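Okay, here's the structure, questions in a sec.
First chain written, first letter: the chains are A, B, C, D, E and F, and each begins at residue 1.
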Amino acid sequence: MTNQSRPVTLFTGQWADLPIEALASKCARWGYDGLELACWGDHFEVDRALTDPSYCGAVRELLDRHGLGCWAIGAHLVGQAVSDRIDERHRAILPADVWGDGDPIGVSSRAAERMKDTARAAAQLGVSQVNGFTGSPIWHLLYSFPPNDFDAIERAYAEFAQAWSPILDVFDAEGVRFGLEVHPTEIAYDFVTTRKTLSALDSRPAFGINLDPSHFAHQYLDAAEFALEFRDRIYHVHVKDSKKRLDGRRSILGSHLNFGEEARGWDFVSPGHGDVDFEAIIRALNRIGYSGPLSIEWEDSGMEREYGAQDALSFVRRLDFTSSDLAFDAAMHNE
Amino acid sequence: MTNQSRPVTLFTGQWADLPIEALASKCARWGYDGLELACWGDHFEVDRALTDPSYCGAVRELLDRHGLGCWAIGAHLVGQAVSDRIDERHRAILPADVWGDGDPIGVSSRAAERMKDTARAAAQLGVSQVNGFTGSPIWHLLYSFPPNDFDAIERAYAEFAQAWSPILDVFDAEGVRFGLEVHPTEIAYDFVTTRKTLSALDSRPAFGINLDPSHFAHQYLDAAEFALEFRDRIYHVHVKDSKKRLDGRRSILGSHLNFGEEARGWDFVSPGHGDVDFEAIIRALNRIGYSGPLSIEWEDSGMEREYGAQDALSFVRRLDFTSSDLAFDAAMHNE
Amino acid sequence: MTNQSRPVTLFTGQWADLPIEALASKCARWGYDGLELACWGDHFEVDRALTDPSYCGAVRELLDRHGLGCWAIGAHLVGQAVSDRIDERHRAILPADVWGDGDPIGVSSRAAERMKDTARAAAQLGVSQVNGFTGSPIWHLLYSFPPNDFDAIERAYAEFAQAWSPILDVFDAEGVRFGLEVHPTEIAYDFVTTRKTLSALDSRPAFGINLDPSHFAHQYLDAAEFALEFRDRIYHVHVKDSKKRLDGRRSILGSHLNFGEEARGWDFVSPGHGDVDFEAIIRALNRIGYSGPLSIEWEDSGMEREYGAQDALSFVRRLDFTSSDLAFDAAMHNE
Amino acid sequence: MTNQSRPVTLFTGQWADLPIEALASKCARWGYDGLELACWGDHFEVDRALTDPSYCGAVRELLDRHGLGCWAIGAHLVGQAVSDRIDERHRAILPADVWGDGDPIGVSSRAAERMKDTARAAAQLGVSQVNGFTGSPIWHLLYSFPPNDFDAIERAYAEFAQAWSPILDVFDAEGVRFGLEVHPTEIAYDFVTTRKTLSALDSRPAFGINLDPSHFAHQYLDAAEFALEFRDRIYHVHVKDSKKRLDGRRSILGSHLNFGEEARGWDFVSPGHGDVDFEAIIRALNRIGYSGPLSIEWEDSGMEREYGAQDALSFVRRLDFTSSDLAFDAAMHNE
Amino acid sequence: MTNQSRPVTLFTGQWADLPIEALASKCARWGYDGLELACWGDHFEVDRALTDPSYCGAVRELLDRHGLGCWAIGAHLVGQAVSDRIDERHRAILPADVWGDGDPIGVSSRAAERMKDTARAAAQLGVSQVNGFTGSPIWHLLYSFPPNDFDAIERAYAEFAQAWSPILDVFDAEGVRFGLEVHPTEIAYDFVTTRKTLSALDSRPAFGINLDPSHFAHQYLDAAEFALEFRDRIYHVHVKDSKKRLDGRRSILGSHLNFGEEARGWDFVSPGHGDVDFEAIIRALNRIGYSGPLSIEWEDSGMEREYGAQDALSFVRRLDFTSSDLAFDAAMHNE
Amino acid sequence: MTNQSRPVTLFTGQWADLPIEALASKCARWGYDGLELACWGDHFEVDRALTDPSYCGAVRELLDRHGLGCWAIGAHLVGQAVSDRIDERHRAILPADVWGDGDPIGVSSRAAERMKDTARAAAQLGVSQVNGFTGSPIWHLLYSFPPNDFDAIERAYAEFAQAWSPILDVFDAEGVRFGLEVHPTEIAYDFVTTRKTLSALDSRPAFGINLDPSHFAHQYLDAAEFALEFRDRIYHVHVKDSKKRLDGRRSILGSHLNFGEEARGWDFVSPGHGDVDFEAIIRALNRIGYSGPLSIEWEDSGMEREYGAQDALSFVRRLDFTSSDLAFDAAMHNE
């Protein structure tokens, strides 16, 4: 009963505590088709890819050995530093040489260079899709009090475009595309800001979207409609879920509580355990002709991780289907 | 058919473009019982109150002349600067002498002094309630990515308490209480953060709440339950409303759009035109014995302001009622 | 703008602490059309009506003096004792001579006689409608554990019919009808039990319904559909409201808490302040041709009583309307 | 408390059994600002307007005498016959000379000529807005079984445009605009069909919309969003309401039952008594700058007509408000 | 874990592009219990059944060879022409000899004869259930504008009965029953019209219902309640699903768009992927004692057909269960 | 894909018509981990356990033979008689020697002694958990009419505590805990009454809760929140489901109809077929660290019992999962 053409991969970002060898072995055993390698831990090391000519081959060999494919890599952490307001939190997620002395301008500049290298490394690995974050110079202005200068908000999209255009030039040169995971704290996190972001980049094809519905559900956004509106920019898809737990005492804004805290108004959950209408998304992906990976990004503070990775895979296998190529009611006609 | 004991006032903050004389005249004509004077425009000038011995008397005289009372003043703008991360936006809302050279530490320090003066000025005016904002050193960390250091979050409540305790000492000395308008961008904006804020201050009576339900509705919080949980800290009540306009394409987070923009997911509206369940709030206020003002804070980008102020007053007059002092079914007993 | 033919009355049962003279004066001043007199307090005294030939005339004279009509009386408390399992609670609501020594059989028997007298007294007063309760021999078996003997449940309807048939014979003889207020704790409290009750009485016309929607809302019943299903038995209508306050912690069953307690799952509220869809009821009453009183039974533990009685009257005046006698779109035809 | 600039009129179509003199007198007494005259009964007689030079003056004089304005006329019945499939039902609604011998081609052709005359007559009366229906050659193909030929569906919009273009040429010549009341049975009844209809006419300004939300609610359409999408084509607005009465046994499709039947799934009701979110519509009208009449089309099988016309007027008076011309939070700025 | 007594069949109507041999082979491999053969394509040829004495045996043999049963046949297309208003669309779905010259009276008359033959052919095949459509002379009058003559609507049911009675006489003679698939465009499409249709036929047993819930969901009808109301007329059951996709811009009426179009308000989907509450239907079927086939009619413009047929079968296998024959809580009694 | 540490058992109470040997054999075959033995039928005989020294060993041997564990026993029927108002219904569920002459005081007293013996027998069997009911002296006062004496209600909790304290002393002595199945007709049936019950017993650890969510759903209570509030008293968990079937004509109160009747407003159903949000419960159990059995109490009047027991087991196997022991986003940090 399989007509599923889309490979199911695991995004390795939340498993970077495990060596890639160990993780690949597990994923193969569980039945995954491939991995979306994170550019941290030892999963995919951008600097080694550019300096060690054998590195990418060895990575491919390792994956092949486990029967796993790789269609995309994830460069969220470094990408975040390109357009973000840098603070202490970035130190914890950046490679030491990107952080350097922590001076914001230098950090962002080194992060931008590393993103160019990431495109080059992806090309080396034979992967044409890099997913990631961009950061945002205006996220802290989310709620307009003290009242925002909304001209400054508009200018921020232009500044963002200025920062990313040279990076995207390298992507173009390497035949690689960037997929922003539309997400709070990024330059684009909803329909409005995605429209502005794409427009600021003149909708250049190098810049598209890694669609992750878990960031839409708690904003009351319809991820399937998003896929339809931005149909030519859906370059990659994450399968991740979130669940609202509102009871009149828990805020949708999160209460400055860590994920998994009992009093939070929403939380990430294993795919199929939350609010995301994945069937609507599959139908939208069918409609727009998306045939790339369905990449499980697994985060659920309330579930054991390895059980969850298997539960999620089985969920996606049940979920996915392709569209029809017959006209409706055609068989009822007498000719 | 009137059993309403609670005075209905207008918060003058959104009308500071009008001289207080003109505004008082309008409000009196519309039927308001009094004004909650904002500490900006010429409505209530803290520095003059402390330097000009006749000023407070003149303000009272002006109000008396229009048959208006005053039970509270609003010091939102200066309060915001005490614990906020200072940026260019504060310059636009602060008195020039509080902003000074704009150096953040100096600004916050001068704002703290001005808040002490505000308590003193309120006492001069014969008002025992100052409403306002506090700002927040951690608001920009609302969404935990890059991942927050949650110990630092907890420490922020302690730092907040440290900043406000000397201010509250002056409030105590003057017999005046502060009412934080629980609100996004402030140290407390929901149940969880209010609990932590009150706890950081050891629930000292000088610090309570100005309950404004418009900030709860778009967070999916129940303002009536809030009143019940924090029943001994509800010092003042704003009547203000907001309305969600979610359609799967508009984010509850606001899209970095100004209030009133068509693509926003929620907006402020004239009381009774939005999502707030005011009847539940009145019943909660009756239950906790609140007998202070119902103060209309009027903001609605889609309605003419003077029409709205009258519409809101008429709404509150229809809405308000007091509770029973009879036992249920008592009349059915035969003794 | 008045086309309202239905009189609006106040049921006096919850006001029996006030002498009828005082209450009538208030109601007249508030604008009521009449009173539904309760058979307790000094409002309508059944024993005096039968023994003092001038009593009913004096009652009418009192009402006339205030310009008030009377179309029905309420005999809830005595009626309750006819088919109920008698316990200490009945002592508090029964006349001393009906309670007597409190022996259950005697109490029920004396209550039955008093109900016959009530019909006689109503006729004396020139009123053809007596509203009331019946009690229920099986209410305590509401939840079937230990498992009920359901044959015994069915038999209880027959026993009920046996107890009430002689009473209804007197009603018939007097030209008076009984209206059971369908209500938990009574033989009929929903659609199913009303069907069984009417059937047990062979749908004799002497026994009908005093429709009170406040008892339907918390059972999730549609009072307008009830009016349509039992259209020939809707003899009288109470305007009373109730409101569910469910939050996952409050039970719809009431928690053995008194009305008005904060933790209850539902409560009675002033008409228009609750869950009842009164417009649907008015449309149903129009459809079935009900032209009798809309009688406000006012109970709301959270609202001052006299304010509430006026608020309710004004609500009913806004609410009520009569139906059309024109065919739809008739004016569009060219003949 | 009035800032209402939009006149409130009554559409006279459902009152054509009354002479215009009688109706105008009633409406004036009730407080209406004007009438939207129907082109049937004696309300506005197109043929007399073109043949009797004094007719339009007399109509204006009659209206003036009652202090009533007229900003639009309604030509629904004749318009319906232009593009409809003609059957016996049209005979009942058409003037005898338009119906003639009932041959469909002739009927439609005479109806088209009468619509041109209607534009001429409107101009005579000094009215630049004619509202009405168009009929639809494809309405009967609503549900595609036997399967529709969807090319034929598309062609129908072109045929419609062909039929109406000569009529609209006359409208243009007379400086009058047509407003289609988007409505089931018409060429446009929802968003999709309105887009196609306007497109078939190359969005020529002569053809716009008479927005009537009562036809949207039972289709689950958002009339406020409709006003925003077609903002430059909202030429006139009807205030009319409808209410769904679904209970799992009543079909949204209407069951071939007449309006007012108890078993219908939805029905028209007096404005404010149904599902229409009129506040959202007012806000949308403010946003798009609509300042024309709010014209009450009154239909409610369950309410007495004259009561209803007054109830509706009072509803609209409470409802309507104009928008703000102040920037949000402007008064909080210190400059 | 199987207690399922109801066979699961596939209705072959949407697969008539495949030869029955090929389809039977697929269905057997997928695990179906049988086929509901459509009377078009080469699936079940009514004319051959009556003229070729070996035909029915050969059909049975083919089915037997694949281990498939047959409990019903589907004659939707010809049945549609009996009471429909004939137009060009019928030509595409009718056998050439039934269409003939396309003159409506002749078409309907030949269709009626073919339906009699269908009963005879079913009997030959040893099948006692023929499902199908009836068409409707009044479907085009769905929305009453121009206003319907409702007497004419009522007469249409009588005319329908007149047309079908002779057909049903043959059904009776052959020991075969007809099951109308209650469906828009048919004489019965909801509760009201089914009541009228059955009543017009004096509820003769030859005429019952093929219950297909996919046609109920988008009408907001409860198919389980339908099964209970018409419990003695549920002769066959289709398992088919539909899904509403309403967003305020898509009409529930379908917008004259083909199935599968993005802007439609609802669409057919593979069973279990839509709005139908199949568990409620199974419970209703258990309650009324239905033990016939659950026949999957598979239509989903957004899913590959063969995947879908298997997905649907697996859905029904998980879904179906039989009812209990034990009394509740019996095991708790001590006797 | 198993990380499930919680055993899945079947509560045998509804299967007491089967000998334990036969039931154990079935459950083992179906894959259950163990049984929660009911103290009726021949499943677990308290009197034999105390008089026959070999009995408990034989029971364990029987279970071992089928590979089944036992972590709790169920003593609902006798427990019910301890604090209930005794009537004829108890005779049907009590052992003859507990019922005796049926005199209420004697029945309750013997039931109390039998509960002490049950603790002793459980200890013999090596089981430390006894689940059961308590009965309630005030259940019949559920709806306060005639008006309750609420002081008497409060006293009933004290009387309850007095009755159960000596029983719980024996539980303590035996190292066994009691788990009240919170349930209508018991002293505790919701949050409020559970708080009062635990408080009356000074929260002594011998008395906890057997959490059964099927009794919460129809009361509109959130069983997951209940688990969190009473986290240290959740001693055992039943997996049982119920479903509301409200349609405006069916009362949530049950209409004095037996379970399974068509007109009831709610009913018990096989787990996963109803309203209970089991995922929320699993997450709550993970949060509070509950690692005991998930015991299926199977009741569904509309499903064949043996099919259901297997369906339920498979449901729980899919449902259950354990929680994570990793910090959120830990893998994203660079140290």
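Operating definition for what follows: a contact is a pair of C-beta atoms (placed from the backbone, for glycine too) under 8 Å apart; a residue touches a chain by one contact, two chains touch by 3 or more.
The model shown is predicted, which means the values in this text are computed figures rather than measured ones.
Asks: Going by average Cα coordinates, which chain is farthest removed from chain B?
Replies: When every chain centre is compared against chain B, the largest gap points to E.
Asks: If every chain is reduced to the average of its C-alpha atoms, which one ends up farthest from chain F?
Replies: For chain F, the chain whose C-alpha mean is farthest off is D.
Asks: Could you work out the angle of the rotation that brings the CA atoms of chain D onto the matching CA atoms of chain E, rounded to the nearest 5 degrees?
Replies: An angle of 180 degrees brings one copy onto the other.
Asks: Can you spot which option in D-E, A-C or A-E is basically A-F again, with over half of the contact pairs the same by residue number?
Replies: A-E
Asks: What whole-number Å value describes the gap between the mean CA coordinates of chain A and chain D?
Replies: Inter-chain centre distance comes to 50 Å.
Asks: With chain centres defined as C-alpha means, what is the inter-centre distance between chain C and chain D in Å?
Replies: It comes to 46 Å between the two C-alpha centres.
Asks: On chain E, where are the residues touching two or more other chains?
Replies: Those would be 77, 92-93, 147, 222, 225, 247-248, 258-259, 328-329, 332-333.
Asks: Which residues of chain B touch chain D in their complex?
Replies: Going through chain B, the ones touching chain D are 13-17, 40-41, 77, 92-96, 247, 258-260, 262, 273, 299-308, 310-311, 314.
Asks: Where on chain F is chain C touching in the complex?
Replies: 77, 80, 84-85, 88-90, 92-93, 138-150, 153, 183-185, 189-193, 218-222, 225, 229, 246, 248-259, 263, 265
Asks: Taking the touch rule as given, give the residues of chain F at its contact with chain A in the complex, in rising order.
Replies: 1-3, 222, 225, 228, 279, 283, 286-287, 321-326, 328-335
Asks: Considering only the defined contacts, which chain C positions touch chain A in the complex?
Replies: Contact set of chain C toward chain A: 247-248.
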